[in-house]
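Below is one structure, written out as structure tokens; comments come after it.
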């Protein structure tokens, strides 16, 4: 650690971790509220996700006969991995104590691990729903992951490092200016975020229609506390992507490393405001577009991948000028 | 080693001159064999004569007889003489069992046998004379005698194809020989003003001594004629037409001798004149001519290998390909190039004759030479099949065997001096490699085709040759390398 | 070599080249054999004359061989064989007679162009002999290449061999000339016997027509 | 190679270490996976994935080791596969200002291909593990499989441990590779072990670093917290019942996803480009009782594009040359004649 491990820094780190896990359900509640409002209905209250989680936590778990130990271990794994990934992303301040443990690639890797575990759990029961869910998820991943890598490459080339906090600092105060490749990377990141979080154009989070669901198909067999953990992991993932977009592309207001507590509060305020804005935008976007056919999604994700690659190429080429 | 040498020398009677030995013994044996009726005895005499001439050649290795106007033994031709006599000996052992089988099947009658053995020894006499000749005219006559005897042997089966092959060989051979003679006359003409008229203008040693004084332009013309003349006998590409048919239609011991020995003798004659030309600074460098012909025959034979149906004809084309490689190596010249050429020639003779030994027995067992009708050899005749596989692996130039070492040396020298040439060379090698292995898999592996009866074969010669080649591939004794390097320096 | 001797040997060699051209011109087999006999006779004369001028007695033996064997014996045997075996009399040429003559002309020019600047140092008679000998050799080869009949190709080979004999004798003091000419005559003897033994009728290209179709067409 | 050619020893050392690290990793987890498949083969006598399934219930230990292998090969963070991929990415990101234009395009393309292959590997091993070990057994042998003996289990677990250790302590491996890079390239990566908390620092601390140990500790810590919280507050009642069958009570194992159907989406996305795959669906008309069939045609583009044309060219050339075997003696003589005349004219002109 770059300065003596004082209790204060540890405290800030834990504050970030707990903040992340508390805000996640609120964000999803907000998105659902916005969508309902746009459909001219009142919709569930903002805190409904918290109540759902509590209800699921207390309910009894119904396991299929064929479920193995893997099926029961996966929810815990998924929640902890996603929570670690979310904790690594700087929210209200950069340069936190554990920032150098993992960079952007580590976060992508952790998300990959969570997806890997979930796909396996889906196959465990041996019903065709799990199969359809995981095979489609794996197909989307085989396009989304390269796109993520391209975005990371692009951003790393601009900022000179793959470390998230250094990227955020560089973006915040570096004379970055408006770069075409960064814009391309942003659009690609949005496309990947939509695919990863199973939002509308790629997959409908609210549906139970066998043919269309991907994410829901994988978690069909889960119930009780397992389902609660998986839902929480999903909420965390959505929050992670929004904070990722926030800290890389809109870093204003984020507190610099080692700044006083009052900067943290300002940073926190900006962060919450960014989240709310992101949630609303996501709700509006989901309302304005219909779900793509499953085999049109590869073109959609392919476009993301191409944009990322184009961004990187532009960076390589422009640097040579 | 030299302790043992002194012991042998002391034992030898003083009058015995090994040089005359390697000439008179085959001649005498030929005369005797012409009279011997019984097959078993004549085969024995044949083997004995070859063994004695091999012994003489070996003693010559130790105690070098002094050369005179007509006969010479120097470092250069001792390599060829030793190789010739050794392979002749192993071929005579092989031909004993091969001919016995031919007698049973009735393809050859007793009268043929007498003629065959006499011609065999006469051919040996012709070749040894050609190798030992110091006088280029004498060398020409000897090569012509060897050609004549082999033509008669090619036509021994008297089938239509055999006669047609013998006829083609005869005509092309005679035209080649005639051109070579014209070349020899031109060399004499070039030497006459410098060395003076008469016999010593034809003696090779004096020619080399005065090489620089000879008229270069006349030498060039002479070399062109000699290249085309003796080149026909070496079987280089545009002049090769007689070789595949002669090999395919003649009895296998003869095709083994043809590709193992006769090609080398003709190459030896060509190299004698190359030394002459290289010694004369003003004359054109023989290198490019040799490289051109060598490369042409390598690539041509490589392509022709793919469509062959007769197994012996395929290995005949492989001989053309390897003579192309050897001539290419000597064309590259330089110490490493010549060394590689010599090594490649030795390895090729040993491997190719071993292959022909196995192919001889295979065609006897399967009763045919068409590759389509023979298959699954490693299952029907395991020892024979695996011997063939080893032989083909060696000839294709796979690593453990000596052929790979020499080809490797050639490629290194060529890459050092002319990379694009090396690319062409390697392309030719790959072509031949592909064709040979493609054919081998049909014949050696797969399900058994053709009769699978027991075969009474003498495996010893083929095994002896392949072990020698394998040994050369793994470790070359320093004395041998020094000896070859000295010869390579001579070759210029 | 005073003027007269040079002129005679030059005249004989030139006459030999003329006969070679005459051979190219022949259309029927029997007259071709007569020209061959004349060709060998002139060779014998020139060898004898060389023997006389170079006072090399052994050359007379070569002259005798050339006269007896090649001028008389071989053409006679060939003629009887052609008559008795009914070998096809008409000479089929690959390329028209006119074109072959032109090619022959070009070959003579080539050999003169190649040989003469070379042997500048040697005596004029030797240069003449070698140049003309080369042209006879080339014409002989041309004849072998452009004729379809077996016998006419053998005649081409013999004329080629005569050219080489001329060169050998022209090279003053060349040893072993006798042995070489003996070896060659043995060769020719074998060829002639070969024709008779194997009964070559139609195409020299194959032993006999029957063989033609079985062995073309990729059986090999 | 590119960095070395452009005289960047540090970058070259990093790239070479990444490559060597991956070679080491590959040998570890690939042999682990092979041991696993060997164990499955001995236990069930089956190699075809379509006949396996549900082995996790009967061979739990092999399944666990195989799972660690699959996770490692799919480059998932705590394990070693991820570290070598991470190092390779660092090498790619390292310095984009290479002079050669070709490299400017090639390096990002490399990055893209690397990412694509990592993702596809993950997909492949989800399929491998899911179809073989999870779900319900598709054949009697799979149903009656028994766990293999400890002798074959031991190597698997040792290798799995190595995977985890190399993933958690990459510094150890990188430093052991250091003599190799110095001997080959002269340059070397900064020593890793000296750094606090053993984090992997490819170039300089400021740029980027990855700490395998802490990530692993983080994951275990948060898992423990979650487990503690859930077991503390949530109910831990469990009830077993039949899986959701959406109204079609058909227990046959064939209704599960097989390896073929699992890969069908990916094949449809990538296959048409790479292997020219074409799927023909034969749907019977309504009322016609014969089963619908879907047939798939795939072509190996490399085989058709490269090998066959070369073989055909050599064959054609061989055919064309083959004519030369069947000429007449006169034509062969013509070759000799032409060669002679050509050489003589060359000499005449040359002299």
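As written, the chains take the letters A, B, C and D, and residue 1 is the first residue of each chain.
Operating definition for what follows: contacts are C-beta pairs under 8 Å (C-beta built on N, C-alpha and C of every residue); 3 or more make two chains touch, one makes a residue touch a chain.
Being a predicted model, the structure only gives us computed values, none of them experimental.
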Chain located farthest away, centre of chain A as origin (C-alpha): C
Quick check for you: compute each chain's CA centroid and the global CA centroid, then name the chain with the smallest gap between them. D
Can you check which chain pair, B-C or B-D, has more C-beta pairs in contact? B-C
CA centre of chain B versus CA centre of chain C: separation in Å? 31
When the centre of a chain is set as the mean of its C-alpha atoms, what distance in Å lies between chain A and chain C? 99
Averaging only over C-alpha atoms, locate the centres of chain B and chain D and give their separation in whole Å. 53
Between chain A and chain D, what is the separation of their C-alpha centroids in Å? 27
Which parts of chain B, given as residue numbers and ranges, touch two or more other chains? 167, 171, 175, 179, 217, 221, 244, 307
In chain C, which residues are in touch with two or more of the other chains? 114, 117-118, 141, 144, 153, 206, 215, 218, 220
The positions of chain A in contact with two or more other chains are none
If you go through all the chains, which pairs of them touch? A-D, B-C, B-D, C-D
For the chain D and chain A complex, residues of the former touching the latter: 53-54, 56-57, 60, 63, 67, 71, 74-78, 82, 85-86, 89-90, 92-93, 96-97, 99, 101, 104-105, 107-109, 111-112, 114-116, 118-120, 122-123, 126-127, 129-131, 134-136, 196-197, 199, 205-211, 214-215, 218-219, 222-223, 225-227, 230, 233-246, 253, 255-257, 261-266, 268-270
Would you pull the chain D residues touching chain C in the complex into a rising list? 322, 325-326, 328-331, 333-334, 336-337, 340-341, 344-345, 347-348, 351
Mind pulling up the chain A residues that touch chain D in the complex? 1, 57-66, 68-70, 76-77, 79-81, 83-84, 87, 98, 100-103, 105-106, 109-110, 112-113, 116, 119-120, 123-132, 134-136, 138-139, 141-146, 148-150, 152-153, 156-157, 160-163, 166, 210, 220-221, 224-225, 228-229, 294-295, 298, 305, 309, 312-313, 315-317, 319-320
Within their complex, chain C touches chain D through residues 94, 107, 110-111, 113-114, 117-118, 138, 141-142, 144-145, 147-148, 153, 203-206, 215-218, 220
Taking the touch rule as given, give the residues of chain B at its contact with chain D in the complex, in rising order. 167-168, 171-172, 175-176, 179, 217, 220-221, 224-225, 227-228, 232, 238-239, 241-242, 244, 284, 289, 300, 303-307, 431, 434-435
